[in-house]
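In what follows, chain A forms one complex with chain B and a second complex with chain C.
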Partner chain A sequence: MQVFGKTQDNLWTLIAAPTIWGFHFLFSYFLAAYRCAPNADIFKDIGGTRVAIAGVTIVCLLLILLILRRAWREWRAEGGGYQNAKDTPEARERFLEFSTLLLALLSLAAVLFETMPIFVFWDCR
Partner chain B sequence: MTGHMGDAADQRDQEDEEVRRGQEERLREVWAAPKGWRYWSAVNNTEVGVWYTALSFAFMLFAGVLALIMRAQLAVPENDLVSPSFYDQAFTLHGTAMMFLFAVPIFEAVAIILLPQLLGARDLPFPRLSAFGFWCFLIGGVFVMGSIFFGAAPSSGWFMYPPLTTDETYTPGYGPDIWLLGLSFIEVASLAAAVELIVGTLKCRPPGMRLNLMPLYAWYVLVVAGMILFAFPPLIAGDILFELERMFDWPFFDPSRGGDPILWQHLFWIFGHPEVYIVFLPAIALVAMIVPTFAQRPILGYSWIVLAAVGTGFISFGLWVHHMYTTGLPSISLGFFSAASEAVAIPTGVQIFVFIATLLTGRVIYSVPMLFVSGALANFVIGGLTGVMVALVPFDWQAHDTYFIVAHLHYVLIGGMLFPVAAGVYYYWPLVAGRKLSDRLGRIAFWLMFIGFNVAFLPMHFSGLAGMPRRVWTYPESLGVGTANLISSVGAFIFAAGILVIVWDVLRPRGNEPYAKRNPWNAGTLEWLVEMPGENWGVRSIPVVTSRYPIWEQPHFIEDVDKGRFYLPDAEEMKRETIITSVLDGTPLQCLRVPGPSFMPMVAAIFTGAVFIFTTFHWWAATVVAMVLAAISIMVWLWRGTALIPEKPEKDVGLGLKLPLYKSGPHSVGWWAMFITMMGDATAFLGLIFGYYYFFTIHADFPPPATVGPGVLWPSVAFGLFAVAWATALGSRLSNQAGRVGLARALMAAGAVVALAASAALLWGPYVTGLRPTAHVYPATVWVITIWTAAHGVAGSLMLGYCLARSLAGRMTPEHDIDISNVALYWHFVGFTVIVAVATLAYVPVLT
Partner chain C sequence: MRPRISAISALMLPVLSGCKGAQSAFDPAGVESERVLQLFWIMLAGGTAIWAVVIGLSFYASRGKTGPYSDRSGVRLIIWGGCVFPTVVLAGLLYWGLEIMPELRRPGDGPTIAVSGERFWWRVAYAVEGEPGVVRDLPRGGIPSANEIWIPVDKRTEILLSSPDVIHSFWVPSIAGKMDAIPGRVNRLVLEPTETGVFNGACAEYCGTAHALMGFRVVVVPEDEFEAYLEAQAQPAAVTDSPGLELFLQNGCAACHTVRGTPADGDVGPDLTHVASRLSIAAGILPTTVENLAAFIASPDHLKPGVEMPAFGVLPEDQIARIAAWLGTLE
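Let's look at the complex of A and B:
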């Protein structure tokens, strides 16, 4: 995927942002599960885990923002229309860009959702 | 390319009625369903799709009767209408059948009927695979459901939690085995359907149908088939562990030997939660087709629907632990799943708003399908909102395993799935049978169902909050839920009466009722090109599509299709053909010959089913015989029916376009089918690996020091041999392509032998180091990963041998090399499996 200049969108670029959400989700879950296992000492502090998740969150958010920015700019460059039912490669491209934009927004929200638990839970209870 | 396609057609004398009649006769003969007893060898979507749908409905009615028996039992407190044992079997089979034998199969069934029609294709690329899936479904379904007549049905709930289900003391008999093996077999059918539908959606669209013009139903099919591919394999992995524990006492879920019952819950729900969306999305896809028709306008917010489908597809994989909030996981873990469970409400809500907006801006015609759609939206929204409630951990702790959950899940599934499917039955009945269902009966059915449903399930919220647990045979009067239960039971029978009205409407004798007029609902999408009654060929000619609603927006569209003015208006060579196009823009790439009727899929399904059934009853000799016969029948099927070398390299498909008849490698549909199948296979393997690292996480001494076994030596030897086998597979593909057929054959033969040696070396490691799988969960886990990997090596050896035979028989040449291309691709996946397996089994113990 190209960041500057134009790229041709396809099904893989469409699912890039939600895939990053998937990575973020699995990383957070597995790390916390691993650090708390076997769940014997439930008052164990998991400060390091929370910092690590926060770090990965920032990277994931930046990546999604990059995708968002690219989709937004290319979509705007072509007029940013919502009507993309035409039989042209441009309409297909605009449709994919706009859909990528929507999915990136959803992924952004979902990653933010996924990060909330680290502000609330300090240990393995 | 819009409008009248007259010019090019004139050169083919397409306007001559005599010519057209000849074409139609040929097409009709080529696509005709076989007659007499041979009818059951049919593979076309018009037959298989209808059988599949009818059978799913039959299972639904059966499971519905079980539900009515349960409601009768629960109507009054301290009732003893049925025995507790029968009641347990009834609720287990009710849930099992509704999920595995109705909700998922009906999606596959309806998609097999509709998808080719929606894409203007003559058929999907692998009709025999669809037929195989159907026969697997029939055999597995009858096996599972039939067990209740022998009092041998599973009785521990549809999610089969161990240790209740793994301990002979609590669950004697074959119940859980029937559940595990019967359903594993049906899961194979689901994966087959997923492969068919993904390749169908991506490669069989009509020329010109770019991604932005694809019908929304196809978008949903693509997403759901992708979800099946990643959701079902973890359950297959879980089934394998479970069955090994039940049959051979390998202690995966037995805590006294290091196992953990929670692992099953993880594997089950990694499947089970996406499953809910696998059920919901295809039903809502029907709504996305129905709403524009009855609003008489294109959908408003096409991209938003794509967002909803794809977004839900992803996020639904992050919800599984919300079924496990009460298992004592750390709160921070629960928090992640609670957050995802709330986030999934965003895309789910978006599509509801899109439908409402489309209806608000259109001129709605309130016919029966639309009535069911409105009922669906109303009920589903209630189920969705209680879903948001139970996604919150503190609330769920109160409501867990109570009738509140029963109410919630039925609002979601009946509102989100059954009502849309009923809408779909009324909407698409003319497409299947050429006649409309009765408008009057449809309205009666709707109101009975809508009122009955709410009367039955609304009070359950109350009984649940009042403390009535789910799955109880009866309850004491003092609990104070008697009235609520009586109302629920009355509602259930009203609801059932509504279903019966639909059944009557579908089955009642029609006499000489006239056929419906063509495109009876005045819809805009391709499936309504169908004639009343329909022809088996699907479309008269494969159209060029330039809009989302071609019948509304492309002038003379139906006439041009009917007069054969588009592609493939003829079947000159008397072969079944359809067009393969590119993923992004629908550019024609190939004229694909699709196979016709054959008994081989049925034979293969019977033998494969026999393997599962004989295993259930521990008839080992018979199992081995069935396994060999299944392998042979699949080979015969492939040998005679796939990768056929055409009589000429390309053919004129009309409108001055010539397309090749044979493509291999990434340009062929078979290569994509292999790729997709192996993605599912790799996911199942990762399910087993998840088990290894799960135990690694919860045990301080897992894995034990490398000296325990399987050691480093033999896995490393196996790794080297597998690397050689992989290289021979790749080398034989390349040398065959380069025309060095002799070298290619030698490499295939060598590869087949080395692959066997590699598998043996891998198995030798745990054997020679004396790992006993029944002793502890560690050796059991090592063995299961080893056996899985070695089995893939053996299958890879068979495949190389098959390619060698094809080459020797002249059925595979340097130009026509589909077989070895696909086998080389398979070996890349084996390579991945071996790297992960050996690294985990041999090197992780050294490092830790």
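Let's look at the complex of A and C:
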């Protein structure tokens, strides 16, 4: 997050991407469970559910990509680096930026994994 | 060298012989079990390859190159070896595993059989019509049987599963994967055997004291043989007036067991109309012989701890023998 041109990373910016991943997981899980857990009409097409999950997935991926881009830019702006042992505001900033970057990558992969079933399952079987 | 190979073979023999037989996922006789075994071998090969690479790398790191690594090469190793490689491999495996499922669960083209897991036996009903679903019970009626399921080869038989007591799991390792039988819910499993024969099934979810003794047999036969079997099972018992029948009725057996064609119409325990035609009694644990029937009547709890049937050992031995002999005629 940039305020007056300066980065201000904190725990909220750090957990933004995993929170989106969590939201995506719950949304997909609850919607699929709502549609398929009754275990009835298992051969009925679930196109609506798949489209809804696809839509939310696109929004979630875009948001995670924005977080990723921001974290990457800020981390690279100061030359990157993986040493975070110093007890200074700058080192803390680099640590948070790099951690945000890694968590955003993990969240991106996780959201893609969670979405895979909609390309395979056309019904509830 | 040769004696050493023989010794290794001799040691491996008991282990590998366990991979064959009527209850082995390593000896598939069904479409689903073949796919599951294929999945297992590929996972095993992949797991072995990754293990070998990791062990090789750690050996190289500790013995081959003992000097320090640059930051750059260390990060590159972590990114490619620790992040990109597992993500790509897991994505591939996940997609492959997922795309197997709809194919295995496509609609059946064979009979529909209702199977109820009950502590500690399997209630079977052929020729039923029903659907899977929650807040639903298994369809009633049909042609009743117990602990033995006949299905036609090369047909997709739909098994509808449920339970009136606790969760059980229906598993025939040679033919398909397992599926839970859950109270208040009807689940669906498709069995598509590719070979004829007799296969063992088991309860694969701990359900109580006699869980390990809750087995069943699956008999896979050609379709015409299956039709003939169903027709025979639909008939009432070929009952003759016998002291065994009288004793069966006098001693209250009819309160729990049905023998169609007699006044016995209990619904608690297995239907015994054609009990002598089955390969085993007491849910797959004993071959069907008059001696085993008598032993089970006398002390079921001894043979199958936890069974709900009371012991009839208080009856004189000759009476038990007569009941068993009569049951032995019910083919």
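The working rule: the second predicted complex is superposed on the first by the 117 of 125 C-alpha atoms of A that agree within 3 Å, B and C clash if a C-alpha of one lies under 4 Å from a C-alpha of the other, contacts with A are read in each partner's own complex, and residues count from 1 in each chain.
Here, a contact is a pair of C-beta atoms (placed from the backbone, for glycine too) under 8 Å apart; a residue touches a chain by one contact, two chains touch by 3 or more.
Remember, predicted model here, so these are calculated numbers, not experimental data.
J.: Following superposition onto chain A, is the placement of chain B relative to chain C best described as a clash or a fit?
T.: These partners fit in the superposed model.
J.: So, A:67: does it touch chain B (first), chain C (second), both, or neither?
T.: neither
J.: For A:10, is the partner it touches chain B (first), chain C (second), both, or none of the two (neither)?
T.: first
J.: Now for A:96: first (chain B), second (chain C), both, or neither, which partner does it touch?
T.: The answer is first: A:96 touches chain B but not chain C.
J.: Mind telling me which of the two, chain B or chain C, contacts the most residues of chain A?
T.: Counted on chain A, the partner with more touching residues turns out to be B.
J.: With the two complexes superposed on chain A, say which partner A:43 touches: chain B (first), chain C (second), both, or neither.
T.: After superposing on A, A:43 lies in contact with chain C but is clear of chain B.
J.: Using C-alpha centres only, what angle sits at chain A with arms pointing to chain B and chain C? Round to the nearest 10 degrees.
T.: Result: 70 degrees at the vertex chain A.
J.: With the two complexes superposed on chain A, say which partner A:20 touches: chain B (first), chain C (second), both, or neither.
T.: A:20 sits against neither chain B nor chain C.
J.: For A:121, using the defined touch cut-off, is the partner it touches chain B, chain C, both, or neither? Pick first, second, both or neither.
T.: In the superposition, A:121 contacts both chain B and chain C.
J.: Upon superposition of the two complexes, what minimum C-alpha distance (Å) separates chain B from chain C?
T.: Between chain B and chain C, the minimum C-alpha distance equals 5 Å.
J.: Same chain A residues contacting chain B and chain C, which ones?
T.: Touching chain B in the first complex and chain C in the second, residues 37-39, 42, 82, 109, 113, 116-117, 120-121, 125 of chain A appear in both lists.
J.: Provide the residue numbers of chain A that touch chain C in the complex, in ascending order.
T.: On the chain A side, the touching residues are 37-40, 42-43, 82, 105, 109, 112-113, 116-117, 119-123, 125.
J.: What does chain A use to touch chain B in their complex?
T.: Touching chain B from chain A are residues 10-11, 14-15, 18-19, 21-22, 25, 28-29, 32-34, 36-39, 42, 46, 82, 84-85, 87, 89, 91-92, 94-96, 98-99, 102-103, 106-107, 109-110, 113-114, 116-118, 120-121, 124-125.
J.: Using the touch definition from the top, list the residues of chain C that touch chain A in their complex.
T.: Counting only chain C, the residues touching chain A are 71, 75, 83, 87, 90-91, 94-95, 98-99, 101-102, 105-107, 131-134, 136, 185-188.
J.: For chain B, which residues are in contact with chain A within the complex?
T.: So the residues of chain B touching chain A come out as 2, 208, 210-213, 298, 302-304, 306-307, 310-311, 314-315, 317-318, 328-333, 335-340, 342-343, 346-347, 545-548, 583-585, 697-700.
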